[in-house]
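Dropping the structures in below, format is structure tokens.
What follows is a pair of complexes built around chain A, which joins chain B in one and chain C in the other.
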Partner chain A sequence: MNFRFRDKRVTGVLTVLPRNERLFLEEMKNFNFPEERSLKLKEVMGYDKRRVVTDGVCVSDLAVFGIQKLFEKGLLKPEEIDALLVVSQSPDHFIPPTSSIIQGRLKLKQDMLCADFSQACAGFVLGLLQAFMYLEQESIKKVVLVNGEVLSRKTSPRDRNIYPLVGDAVAITVIERDPEPTDIHASFRMDGSRHAALIIPAGGMRLPCSAETAQMQDAGDNNFRAKDHLYMDGAAIFNFVQTEVPPLIENLLATANRTKESVDYFLCHQPNRFMLQKLADKMKIPHEKMPNNVVGKYGNSSGATIPVALVLNLAEKAMAGTLQLCLAGFGAGLAWGAMLLPIRKLAFCEMVEYP
Partner chain B sequence: MKSVLEILKEIRPEFDFSASNDFMADGMLDSFDMVTLVAALDKNYGISIPGTEIVPENFQNVASIEALLRKSGVAA
Partner chain C sequence: MNEFLQKLAETLEVPNLKADDKLKSFPQWDSLAVLSIIAMVDANYSVNLQAADLGSIDSPEELWTLVQSKKSA
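Now for the complex of A and B:
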């Protein structure tokens, strides 16, 4: 499905990273593989460091911390927020929505909308689409989008397929109407028939958590995990990304009558370095135009990785001038989306550490 | 330049790859080894094997890996 917006603009991005850092070299001792093989994987995938929350820390904690920083710095006023959207697959609770918890803790006005969206690695593109649609309403002038995950709490330390790549983070993006309209094009695709490729089997109503679902099991590939843990069919996801994402971006460029060369940077979701290098090679995009350094520095924080990549790699440029970006998110669902997003002199583009 | 067998030996030195016709079925390579192997082949031959070609069928044995290399631009 294709989308087009004209008078919307991202005006600032703040990322919140847990201060707690883990090192692959220390964690690989938990894996049921010879160290030499894990080291080869580290080199190819780009695994190194990752940021994860300490026990009990939730998405709302990181989000409230970050939004309060914006209030303190005068970069955002509480009364300006007309809509607060949260995109996460690790909510504080089933009920109520995490957006309501954040609104309450920040003492925001009652005359506003809060909404949660359950979406993972494609969540930044989906969140921006939602924000733009909310801004179609006259009464909504400023939207705060929170993309956040604390999925490290749902990973098995003995599962080398997923444990070394997952990181936690929250990204706070402010979106407003733009007095200088520029075209924003986007495209989104879904294939729920492949939903089992990336899943936490237990914990929902289909299979509630129990002593049985918490039992670690031999997955048959030298990894051990419980049904309470996040599972990823790495080969299926890799193939999905390599097959589906290039035509998505190419069709989007064609729809917008744009060329690859007109894009300054391709900011993709950050699963691992190898996957992004292969994606860039397939699309004949120079590696330096598609950053791939987030997983090795902070870990893969699902829907937050695109703004984390923006802040890590392009903060100065994003605040100083205009950048033509192509965003691409892809993952659980399966869902994949891309957006041609011009950004112009962001009011803020920075990272803070929690706590 | 190293041969395919030499590269395989570097990745899983405990196996004799010349004695197998199906590395996956014989438990000599898993999906992560496949990724490590692709990175090593890319570097050794100065190519980039397309991501869509990283499927078990292309890494079944030495002949299938050599066929993949030819497909990826390595001269026979």
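Now for the complex of A and C:
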């Protein structure tokens, strides 16, 4: 499905990364896995360091910390926030929404709208779409979008497929109406028939957590995980990305009557370096126009990786001038979405560390 | 076939391969090798293999047969 917006813009991005860092090669010593294969994974996939929360830290903790920093620095005023949107698959609770918890802890005004969206690696594109739609309302002038995950808490420490690559992060994006309207084109697609490829089987109403779902099971290849843990069919997801993402971006460019060359940077979700290099090769995009360094520096934080990639690679350029970005998110659902987003002199584009 | 053997050997980082080698007995055979082969076949032959397709494959020759059958399909 295609979307088009005119008078909206992103005005600032702040990412919040936990200070706690883990090293891939250290962690791999806990697995029954030859060291030369670990080194190979590091080289090809780009796994190196990742940031994860310490015990008990939730998405709202990271988000409140970050938004308060913006208040302290005078980059955002509490009374300006007309809508607070949270996109996460690791919420604080089933009830209430994490957005309500953040609103309460920040003592924001009551005359506003808070909403949670359950979406994973395509969550930044989905969150921006939501923010733009909210801004169609005259009463909503400024939207704060929170994309965040603490999924390291949902991975099995004995599952080599996922444990060494998941990172935690929150991204805070401010979206407003634009007095100098430019077109923003987006496209989003879904295939729920493949939902089992990326899933936490237990913990919802279909299969509530129990002693049984916490039991580690042999998943083959020396990997063990419980039904409470995040499961990913890595090869199926790799195939999904290589098959679905290039036509998504190509159709979006055609719809917007734009060329690949007119895009300064392709900011994609950051599952691993290998997948992004293969994606760039397939689309004949130079590697330097598609950053792939997030997983090796911070880990894969699902819907937060695109803003994390923006701050890590393009902060100065995004604050100084204009950038034509093409965003692409893809993952659980399965869902995949892309957006042609012009960025112009962001008021802030930075990272803070959560202590 | 020779060209395919060479590309497959490069992908698996082994000096050379024979058509009837047992791929899964190589120490290099793991989930990363599977992804690398899928990517190599996609890039060079425009054939989209599934990881499950590789499950029933033993030798380079069988893999080449599969790639050709998918290409003509």
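In this text, the second predicted complex is superposed on the first by the 355 of 355 C-alpha atoms of A that agree within 3 Å, B and C clash if a C-alpha of one lies under 4 Å from a C-alpha of the other, contacts with A are read in each partner's own complex, and residues count from 1 in each chain.
As a convention for this text, contacts are C-beta pairs under 8 Å (C-beta built on N, C-alpha and C of every residue); 3 or more make two chains touch, one makes a residue touch a chain.
Fair warning: this is a prediction, and the values are worked out from it, not measured in the lab.
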Could you look at A:41 and tell me whether it touches chain B, chain C, both or neither (first, second, both, neither)? both
One more residue to check, A:234. First (chain B), second (chain C), both or neither? both
In the overlay, answer first, second, both or neither for which of chain B and chain C A:6 touches. neither
Classify the contacts of A:221 with the two partner chains as first (chain B alone), second (chain C alone), both, or neither. both
Chain C-contacting residues of chain A that also contact chain B: 37, 40-41, 44-45, 161, 221, 234-235, 238-239, 242-243, 274, 278, 281-282
Chain C contact footprint on chain A (complex, rising order): 34, 37, 40-41, 44-45, 161, 221, 233-236, 238-239, 242-243, 274, 278, 281-282
Given the complex with chain A, which residues does chain B contribute to the contact? 11, 30-36, 39, 48, 50-52, 54-56
Hey, which residues of chain C end up touching chain A in the complex? 27, 30-32, 34-36, 38-39, 42-43, 48-51
Interface residues, chain A side, partner chain B - complex: 37, 40-41, 43-45, 160-161, 221-222, 234-235, 238-239, 241-243, 274-275, 277-279, 281-282
